[in-house]
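Letters A, B, C and D mark the chains in the order given here, with residues in each chain numbered from 1 onward.
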Amino acid sequence: MSKVEGTPITKGAIISTKLNTNESIIEFLKKAMDKKVFDAVLVPVRVPAGDSFAYVLIEDKSLLKDAAPLSPIMSVQGAKAISGMTKLGKGNMKIGAVMRPCEIRATVELTKINQTNLENITLISMDCPGVMPISDFLKDPEKSMKIYEDAVKRSDDKIMRPVCQICDKSSMVSGDLHIGTLGAKKGTFFIVSNSQKGNEVMNKLGIELKDNVDDWRNKVQDVFEEKHKKREKSHKDLKAKTTGLDNLINTFSKCINCHNCMKVCPICYCRLCYFDSDKVKHTSEDYLDQAERKGSIRFLPDTLLFHMGRMMHMSLSCVSCGSCEDACPMSIPVAQIFSMVADETQDLFDYVSGRSLDEPIPLVGYKEDELHEMEDAK
Amino acid sequence: MGEKKQHTDVLVIGAGIAGIEASLLLSKSGRRVHLVEKTSYTGGSVIKFEEVFSNMECSTCMVSPVQQELLQDKNINLLMLAEVEEVKGSLGNFTVKIRKKARYVDLQNCIGCNACFDPCPVSLKNEFEEGLSERKAIYVPCAGALPNVPMIDTEHCLHFKGKSCNACQEACAFEAIDFKQKDESIELGVEAIIVATGYDIFDSKKTPKYGYGKIDDVYTAMEFERLYASNGPTEGQIFLKNGKTPKSAAIIHCVGRDEKGYCSAVCCLYSLKFNHYLKSKIPEIKISEFYTDLCIPGKSHQKFYEKMKETGTQMIRANVVEVTKSGKEITVNYKDENGKKSNLLVDMVILAPAIEPKSDASELAKILGVSLDEYGFFKGENQDVFSVVTSKPGIFAAGCCQGPKNIQNSVSQANAAVGKILSATKTKMEGDITA
Amino acid sequence: MAEEFKPRIVGFLCNWCSYAGADLAGTSKLKIPSSFTPIRVMCTSRIDPVLVETAFLRGADGVLVAGCHPGDCHYEEGNYYARRRFAVLKKVVEGLGLESERLRLSWVSASEGQRFADVVNEFNEKIKKMGANPLRKKTSL
Amino acid sequence: MTMKIGVYICECGPNISEKVDIDKVIDAVSSMSDVAVVDRYKLLCSSDGKKFLEEEIKKHGLTHLVVSACSPKQHEKTFMEVCENAGINPYLFQIVNIREQCAWITEDKDEATEKAIRLTKAAIRRVRYHAPLEKKEIECNTDVLVIGGGIAGIEASLQLVSANRKVYLVEKTQSIGGLLTNFEKTFPDMQPSSALINQKIQSLNNNENIKVFTDSEVEEVLGFFGNFEIKVKKKAEEEPIEFDVGAVVVATGSNIFDPKKTPQYGYGKFDNVINSLEFEKMNLSGKISLKNGKIPKSVAIIHCVGRNEKKYCSEICCMYSLKFVRYLTNKIPDVKVSNFYSDLCLPGKSYQKFYEQTKGNTDFVRSMDVKITEKDGKLNIEYKDETGKKSDLSVDMVILSSAIEPTSDASKLAEIIGMSQGDGGFFAEEHEKLGPVSTSTEGVYVVGSSQDPKSISETMVQSEAAAGEILSSLVPGKKIEPEVKVSHISESLCTGCKTCLSVCSYGVITFNEEKKISVVNEAICRGCGNCAAACPSGAATIKHFTFDQIYQELMEAVK
């Protein structure tokens, strides 16, 4: 499986602070709003009841205090927020959006298919320690908060989403700005820019990008390498457990066709999912035919078709964020399976979802001389 | 308009690619077309090729859709086994006499099941396959020929030699075979005439030094095209007379160029195409091309040449090339560019002969009353080498009957001839329609 | 005594090349297993991968996608797009540990009647060895 | 109205009946729902057969028709006509190929019968999902825009113009005539170019139906075949001129390769090294002379200048180089001319003769690695001859036969019109063989050396060819009948991801910015269905090859 190289960026800014990462990011956003670099920011905020987090578009600086860029869970995938906000136009506000690397990668994918408008958006990511499965968090939100913070301190990923535990793209891959904590000396963090837009923001903020960020870059490289190994290993184990006809059936026959996985998927952008459309609704005659052939047919039918169909439609863009698995009421390891297949389909074209806006999604193009292993021309 | 009777039909002579394209375009414009073809099938020489340079497109895939379109076009009166006998009159009102030989197989009734072939007791060399395979006295030239309706070769058919053989008729379930069919003489009035009768290939026997006809495994380009054709005599398998697969081949360019006194424009390119043919069937084969000047004009062809060279083909600039055979071995003797004598042993030789006018071109020119150039091709207006306008108003020439050229240029000329015809009368025609 | 296994093979054939090639196999009276079912489409680029998945999951023993050779597409480049879609589909099937060998992409031109017959017969033999598509009898999908 | 499907099986004499037990087929399909009548006939494509079908349709009041017979390539059209005559929509019909792809390829009769049943059932299931499709007719504008006022554009305009057809000729420079106006003579006939071009320009100017815009450039081309909207910008004028046409002919010609890019020839460094166009002009001026006014006693012509850089042979350089020899020996009888070349490219029937008649007046040096230096006031040509031996020659003047290349603004124009550029950056024709002057944008034609390097004579033929295509398809008073089996995109399902736009090879899909959805221009869609398979939301469908229709066939196939 092709892995993402750590960023080539060598220069950035090293900021000294007494604040923790969350606070530092908020501080940074405040400054940006003071200087009118952003008119508003999009950032996760803990909901009043305290038992979840939601993306909130904040225009009133004073409300930034409730922001939680490093929220312990991912309730809504950030790309969905961005596309919801900008699909019908860029709007007239400059917005800073603080999201996890996988959310930004999903945003990049959606942008390729015209589902967002990033003109007025600055995408800011941070080194991501992962998020907890929502269900775990909800058992006792207060306790979970502690557990999470503690785990982050110890950079222990065991409590995180399974796909977070094997995420080898947990730092800057794309986007405009990035807050780096990996490899940072105590009481400091890195800010690096990844685009012209990013440079301009830093410029307006009067922060020069002249410090050497090798410590961060090297650490990111190490993390990527290590997680990549882990990822390949876990995919191997997963293959053994879940693939092959019988395993697949055991895995997916639990599915209740609620299609939650599709509904929360940032990449699934269709107005009406193909697999909710009339195309896959058939006459009773047709179902009886199948029953006759198979001996019996379950309802609702075509479970595997749904999952395979989705893999066909979105695995090239899948960012392995794990939202689908969180949303599955039957605890099917759907995100792990999708990420495993996605790695393979993306490999066909040396494609990495969300790596760059300049890489078109493979299915909209072709090379004349490729994929000969797939064909048997004379 | 009233004064003199004006025809609007158009006569097209030759149902090769140029004739077909011209007919379809004329029909699209609403004209009625009479398409006269000498043979029993459409497609001319292009359907003999498996692939065409430089994109190596499958020729059948390219042409059969237009052939189908032609056969189903109600504006086009396709007269096969037919020849123009007499042309009178001038632009706007030519009177044309056409002799149409009997096919003895009814085009409507025959459904192309080929049931009549097996019972036929006569077996002959198949000219379409350059004599590399057999056919019966009732036959289609090759599988997939369009229309897929056989004809009877009366010269060899026992029935027509006074014997009491009715084998094919008995085998036919559709009463499609009609020994009583008569040759017809058809008279037509047409506004204009497009000549698209194509070309012949220079007879390599006229250049004995290449050993053609004397030495086995010396093939002409056309023979080789059929050898490679998946609907040809060997279903595309290339092997020597002794059934073995050749390990080496020599391709000799410009066969007949000195004799004809011109460059045939396509030989270098189809010779390079043969590289692809050979390599795709016999990857390990050693190929040497003997040439003097490489003529690969245009934006796409050098790229094609480079690609062919990558396959390791040896390009030898040579003159005084001669092919001899001693024992089992074929030797190509030549002088290289340093004037040094050299030779090369090969299993197989492919000759790239020149393109020359059809043997009956001068006859047709006489009938039409148009002049040929010194080489026997139809002559363009004044000195214009590429023009489709002949010496007689209302008569146009397109494709290789006008001079050697590739398919693209033949089709351009076909469309140009149509352009000239429609242009000359557009105001009138369009006036009629709008009126 | 069990009846000999006849693989149900579905063939999506493009109108201009492969379907014409199949016709030529017919006019040339070549033999092709009767359990092969041709489905004509104008271009391989029309073949919705979900239809191929459906065929596979509903129990087709083999699915053949056949079109013009690269460069010969009647619509200029349709078969290149088809090839990419097919590749992704095959990877998905493979990735899930299912028998991706039951999916085949072949280029057959209008003059290749013999090749068409060979492709289908060869594929048929291969599927015979593999046996029936186990998905055919699976209820809980 | 209830569905009444008629199913008819053709015996095709013995061809089907001997291999397929037709009565078994009839039994097998009769019970299917919506099937009103099933019958057999000895030969349905015969005139009796067609009459029989027509009567059956009327007699039973059939709404749909299935005919199990031969390949659609044989008789689909035939039976669609039968439907029309019998008054049902021809697309409510499905032909089943039980001859070529069943009877003829199956040994065993039971197997063939079983397959014929399967195929016929599949067709019955499919035809239930057929929708009637209506032929559309589209009004079209028959005027034509011709871009480029060289010989190609002029010839096209003259061929096209008529009382009922305006031609708009747009030329970038201040005068028409193009490259040709720089030539004294044309090869191989050596007739004066002026004779050819002036008289054409005359008739062009005298024709009030040809509107010439000089100093002008095309700014915008919107719309499609039969209905293009054009904006032309004239230099020094504020407002662009707007008009509508039905077709566009691109005849923008070519440039010659700049020899400065091949420094070994010393062009721009040495006074008397000139390129071919400069020489044409010098010759036209009547006097061939060196910079110092003296008459050259010796001249070298270097072939293939820029060929390695461009990576193609420009076809005409060998011939115009030979023409230069004629120019030179005409004006300077005692001049010594040498041609440095690698391969002589003289394609076609009349070039070699020209060569034979010219070669007496010049040396032909087959050479490699040609390099030009200056040595005591003269030009020195160093080269390797064909044996690889180093050699040199001293001359007064050097003419560089430069390659032909696309004009510098070709890509800009391609952008505006939506044409693609192919090998060497020349405009891409629709099909290398069968579509030499059409492009993948219907109604846009490309002629002359903007498509591929070529001679004047070939250029004019292409212009006439484009005229042929246009005159036959855009006839005043006639409407265009587009393909009916085209793609359609559902407004309510489209999510505006533009995937279909990127995969369409013919640019027939556009994006509606207000509604944020993709829209198919059914007038020019070719019906390949690529968009339908590419669209993940199933918003795009292709008529007569819909998901449902194929699904039904499929389900019978895997039954």
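In the analysis below, contacts are C-beta pairs under 8 Å (C-beta built on N, C-alpha and C of every residue); 3 or more make two chains touch, one makes a residue touch a chain.
Owing to the predicted nature of the structure, the values given are computational and were not obtained by experimental measurement.
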| item | value |
| --- | --- |
| Most centrally placed chain - per-chain CA mean versus overall CA mean | D |
| Whole-Å gap between the CA centroids of chain A and chain C | 37 |
| Euclidean distance of C-alpha centroids - chain B vs chain D, Å | 23 |
| Distance between the centres, which are taken as Cα means, of chain B and chain A, whole angstrom | 62 |
| Touching two or more other chains - residues of chain A | 274, 279, 293, 363, 365, 378 |
| Set of chain C residues in contact with two or more other chains | 20, 27, 29, 49, 54, 58-59, 69, 71, 74, 77, 81, 85, 112, 115 |
| Per-residue overlap in chain D, given as positions that touch at least 2 other chains | 73, 503, 534, 547, 551, 555 |
| Touching pairs - complete list by chain label | A-C, A-D, B-C, B-D, C-D |
| Chain D-facing residues of chain C, complex | 8, 10, 19-20, 22-23, 25-27, 29-32, 34-35, 37-43, 45-49, 51, 54-55, 58-60, 74-78, 81-82, 85, 117 |
| Touch list for chain A against partner chain C, complex | 239, 243-245, 247-249, 252-253, 274, 279, 290, 293-298, 301-305, 308-309, 311-312, 315-316, 337, 340-341, 344-345, 348-349, 362-363, 365-368, 370-371, 374-378 |
| Chain C-touching residues of chain B, taken from the complex the two chains share | 50, 55-62, 64-65, 112, 114, 143-144, 148, 229-231, 235-236 |
| Complex contact set, residues of chain D against chain B | 12-15, 43, 45-47, 70, 73-74, 77, 159-160, 162-165, 188-189, 191, 311-315, 343-353, 356, 366, 386-387, 422-424, 426, 429, 432-437, 452-455, 457-458, 460-469, 471-473, 475-478 |
| Sites on chain B touched by chain D in the complex | 17, 21, 25-26, 28-30, 52, 54-55, 57, 62, 66, 68, 72, 108-109, 111-113, 115, 173-174, 261-265, 293-303, 306, 317, 337-339, 373, 375, 377, 380, 382-388, 403-405, 407-409, 411-420, 422-423, 426-427, 429-431, 433-434 |
